[in-house]
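We just call them A, B, C and D in the order they show up, numbering each chain from 1.
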Amino acid sequence: MEIANIPFWDFFGVWVAALLTLFIFSFLYKDNPFYKFAEHLFVGISAGYFVGYYYYNVLLPNFWEPFYYQGRYEYLIAVILGITILFRLSRKQAWVSRFGFAFVIGCGAGINFISYLQSNALAQIYGTITPLVTLVSGEGGILVDWKNTVFNLVAIIGVCSALTYFYFSKPHKGFLGGVARLGIWFLMISFGASFGYTVMARISLLIGRMQFLIFDWIETTMNVINGNIAIGPIF
Amino acid sequence: MKKQFPLAIVFIAGMIFIVQFFSPAFTPIQERFTHWYIVVAVFAFVLGLANLTRLNLQKIHRQQEGWIYSIPLLIGLVGMALCSFIFGIEEGPFVWLFNNMMLPMSATMFSLLAFFVASASYRAFRARHKEAVMLLVAAVIVMLGQVPIGSAGFMGHLRLSDITQWIMAYPNMAGQRAIMIGAALGVVAISLRILLGIERAYLGED
Amino acid sequence: MSSLDRRIIFLVVALAVIIPLLLPIGLPIKPTAPVKAFYDSIELISEGSYVLISFDYDPSTMPELQPMAISLLYHCFSKNLKVVMIALWPQGAQMADLAMETVNQQLQAEGKPLPEYGKDYVNLGYKSGGGLVIIGLATNFGAIFPLDTNGTRISELPLMDKVKSAHDLQAVFSLSAGDPGIPAWVMVSRMAGYPTPPQPGETDITGKMLLLGGATAVSAPQFYPYLNTNQMQGLLGGMRGAADYETLLALPGTASEGMDPQSIAHLVIVVFIIMANIFFFLEKRQEERKAT
Amino acid sequence: MPKRKGGIPTLTSKAPTAGLLSVMVALFVFSLVPTVTWGRPSPGPPTNLQGEDFPLDDGGSIQLTWALSPDDREGGLVEKYILLRSTKEEGPYTELPYSIPLGSDSYVDSGEVDENGVTIVEEPRNSIKYYYKIIALGKGGVRSEECLIDGPAVATRQWFNPGRVNMLVASIVLSLFILFFIWQASLGKELYIRPLAGLEAVQEAIGRATEMGKPVLFIPGIMDMDDIQTIAGVTILGRVARMVAEYDADILVPCSRSLVMTIASEVVREAYLDAGRPDAFKPDNIRYLTDDQFGYVAGVDGIMLRERPAANFYLGTFYAESLILAETGSSVGAIQIAGTAMPSQLPFFVAACDYTLIGEELFAASAYLSKEPKQLGSLVGQDWGKLIFLLFIIIGSIIAIFNQLNPDLISIKSWFEIQ
């Protein structure tokens, strides 16, 4: 049988990845030096990753490119606003940083005002409005489609009652209280269902990690030990 | 100057985005604001890095409890950043570090959820009252309705997988929609308060 | 007992996943309708036709999407379809290479001929732009992908002689973890004038193009409407969908492997919930007794 | 949808029956064309070139449409199309270096800029009349006859997008309701606000932390300050920090965004100042970890395991980390109060935390904790918004019954359609 090769750095990488995987899992038992090591390394590496990420994916294309290559000097405004934020490092002049904050928060408030109103309110109301009685044209003229009528009714009652639960300015008593209570039931069914629905994807992730440990790490290592796989070139 | 000027910036920046939505004529200025916003946020990143570095150097210097772990943190931070500048982020050591350290740790943290859905289910899904029963029943039906076992029919032709589909499409969606509509109203109100300077806790008081 | 040590739960979950992985039980898998539709659609494609697979995911969703990629490639090669691989996600091209590696091993183990690069399949790599890439492919592959991942000009790849635009394809597959992915393919390909899909029940698909997809379990439900409106002709949803597909292909893979742990883990969690409730009621009764 | 700059060619699918016809037309056209370069036939010209302003933009682009050249088909003569532009009908015309592939029957002329930002084609200026010509380019560079545009096209800036009237009405009506009740409240009108269980518990949780001599942990989500949920979280942080300062406990705020860290530290410092204990503020307790989602979670889990907080607050935008944080928090025995508007994460907080602010309750929380009449007034305005939405859903659904029978009837549903 032909002996397969695995480059040294790949093999080494599998070991590093496997050990770090185990270190992270170890925290399920209790806090321990291995987890502490992996956790701190993870924080450091990922922060370092974002240094590179922001440099290459934000600063170069979104600032340097238009500013330096396209001569769009209005980008200096962005830099000035950015620099105001650095005034935070000074005790006395920290208030200057409010200019930068104000810009970011203002943009955020404007964007969110529109986007939530559009996709969370109007679009959802659009989706909720369905005929209270669903009609179908059959052989004997127009008939009522009872199945869909009931289903749509469940959805409409659900949205309306759950929305009533969010009513703040009246005590939840009497009729309002009853409807709000029905609303809570809908919310609870929704929470339970969403929870249950996500379980599969989460278990899949764990299966993925276990498959990595069992097949990529242990099996490859066993194969190397048994001489079925040779550690090949460095890269 | 200290208070009014920032509030004016908040108002102008926010209104540009709102006005642009209705008036295509404002698109170019809105695009500019979007780009600037990204750049401003990156400047703030410097503060974050400074904070992370300072706290960990301080920990090492003062030999506070667990100071030894600040060393791998700083090495990881500096190493990863240097690799990105020297070799770029498309290939070389940066990618190796990403694939063999960051990615497996991310995936493992993510996969902890498999354990936590189990422990949270055990604690939370108890039939304490009617609401909890709803939560519990919906969760169990959907959990079983998704795996091959759930495709087996019971009570005649009713399958758990079909009931799951129905719960997801009707009561679940109704609940989600109500949350979304309510949240939209909350966001509209809080955005409006921010734009008009009624809500300004985030700017500090003096 | 109501405050069972969490670590016992963790241990049981871990065992519920590990043991069935090492000692498979082989619980029966009954493929769902969208997966059957996916499989049957591919069966309609005549031998030697050209198809495109778009790798729109990255390593974080590998457990769910990689088995789909492997089965799909295996299915294509066993039907002698010519495969063009592209990626709308930066790391998708690597995913494609990894999947090819596994498929080659599988074919070798079965003693089947290995697909030849450049003739039976090509990997054109990643291009940014999402929807714009899809529009560009409608008319000209060469303009969007002048080189493949090895840096070879595509004019030197015999396969690409026959694939000039989307009109030369019989099927497009998107393995999708988000955006750009299935939604972009469904919406943009129609707008850009790709060939129309065959009507349900139609068996001669010459001049038509199938649009098929694979998605993560969390995102799959939002794509079901596309199936109902024939904008897509089949869908693999999550690890379950991948396992169903492997079953139809009679190809044992990591997703089928994952189905036993999946079922057992779900059962284990349900058992925990039942236990929690039994303890809860026992305790409540005890308290009531004490009270009286 | 991708951006329009540079233009998007669109394609028409050709009916197969048109094939024969176009062959005949092509043959006919060939016989008419006298000039043949290197023996190659020139393709038939595209026809019926029309131009108009590209709608809903700030100007600077003109939408052109034409009928395909009869030779534009598989194996046909056409390789691509070329557009020419002039400000005068008689010319001179400049060739625009766009690549418009065969099969395209429309193009948006909006100028072109290369990778380095150098202008290759100037975009059409607003309010100026432009004339266009189109020609089909055949193999070997053979050109068809020119097709001149029907009339001049002008790019204009649109000041209002008429498709968004419904959003405009909704924005104005909701804003007016909210502002009206804020005004009412500022006049001193007494307002009732129902209790929110999660917020009643805030004091209890902080009190418990103080008794146990353990810190309070506050997480304002994992998104940046442009996310309104983060702003809501940071605002609540201000109120919580003030209580913490009054009780003389400690508050830890690990952040996953630098800007959030900066603003959070300002907010907490102010809170201590307000409580009259500025010297008790510990700036190092508000710290940045990493922008990476799971790196951040690893770090926060570590903080929880080592500092053992007695009260955890999760208020802001959360993704998959919600359950990891909440379960780790529960394992160290903390009282946990969560709040988010992310529908996908609420189930996990509801399951794993003691109290959860659901959706809108998160945004109400800062008003509720501040007890300022102005803020509370806006909650009443929100309630009126809800009432209106409810009425529209119910009336709209009733009218929808009749919409099924008579499509011409007024449809409330269509008022909510988004464009």
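One rule holds for everything that comes next: a contact is a pair of C-beta atoms (placed from the backbone, for glycine too) under 8 Å apart; a residue touches a chain by one contact, two chains touch by 3 or more.
Quantities reported herein were computed from a predicted structural model and do not represent experimental measurements.
Which chain has its C-alpha centre farthest away from the C-alpha centre of chain A?
Comparing chain centres, C lies farthest from chain A.
Could you name the chain whose Cα mean is nearest to the mean of all protein Cα atoms here?
Taking the mean of C-alpha atoms per chain, the most central one is A.
For this structure, which two chains share the highest number of contact pairs?
So the pair of chains linked by the most contacts is A-B.
Rounded to the nearest whole Å, what is the centre-to-centre distance of chain B and chain C, using the mean of the C-alpha atoms as each centre?
26
When the C-alpha atoms of chain C and chain D are each averaged to a single point, how far apart are the two points in Å?
That gives a centre separation of 28 Å.
Please report how many Å separate the Cα centroid of chain B from that of chain D, as a whole number.
Comparing mean C-alpha positions, chain D is 16 Å from chain B.
Would you kindly tell me how far, in whole Å, the mean C-alpha position of chain B lies from that of chain A?
It comes to 5 Å between the two C-alpha centres.
Residues of chain C that contact two or more other chains, please.
Each of 6, 10, 13-14, 17, 217, 240, 262, 265-266, 269 in chain C touches at least two other chains.
What are the residues of chain A that contact at least two other chains?
Where chain A meets two or more other chains at a single residue, that happens at 24, 28, 36, 38-40, 42-47, 49-50, 66, 85, 88, 101, 104-105, 107, 109, 111-114, 116-117, 121, 125, 128, 156, 159-160, 163, 166, 187, 190-192, 194-195, 197-200, 203, 205-206, 208.
Hunt down the residues of chain B that sit against at least two other chains at once, touch-wise.
Expected reply: 18, 21, 37, 41, 44-49, 52, 66, 99, 102-103, 105-107, 109-110, 112-115, 117, 119, 121, 123, 125, 135-136, 139-140, 143, 146-147, 168, 176, 179-183, 185, 187-188, 190-192, 194, 202-204, 206.
Chain contact topology under the given definition, line, ring, star, complete or other?
Shape = complete; every chain linked to every other.
Name, in rising order, each residue of chain B that touches chain A in their complex.
Going through chain B, the ones touching chain A are 2, 5-7, 9-18, 21, 32-50, 52, 66, 69-70, 72-81, 83-85, 88-89, 94, 96-105, 107-115, 117, 121, 125, 130-132, 134-143, 145-147, 164, 166-185, 187-188, 190-192, 194-195, 202-204, 206.
Within their complex, state which residues of chain D touch chain B.
Counting only chain D, the residues touching chain B are 56-59, 157-161, 164, 167-168, 171, 174-175, 178-179, 182, 224-226, 228, 231-232, 234-235, 238-239, 255, 257-259, 261-263, 266-267, 269-270, 273-274, 284, 287-295, 297-298, 306, 320, 323-324, 326-327, 330, 341, 343, 346, 348, 350-352, 358-360, 362-364, 366, 370, 374-375, 378-379, 381-382, 385-386, 389.
How about chain A: which of its residues touch chain C in the complex?
Where chain A meets chain C, its residues are 28-29, 197-201, 203-208, 210-211, 214.
Which residues of chain D touch chain C once you look at their complex with the stated criterion?
Chain D residues touching chain C: 1-2, 8-13, 16, 74, 99, 101-104, 331.
Would you tell me which residues of chain B are touching chain C in their complex?
Contact set of chain B toward chain C: 99, 103, 106-107, 110, 114-115, 117-119, 121-123, 125-128, 136, 139-140, 143-144, 146-149, 151, 161, 168.
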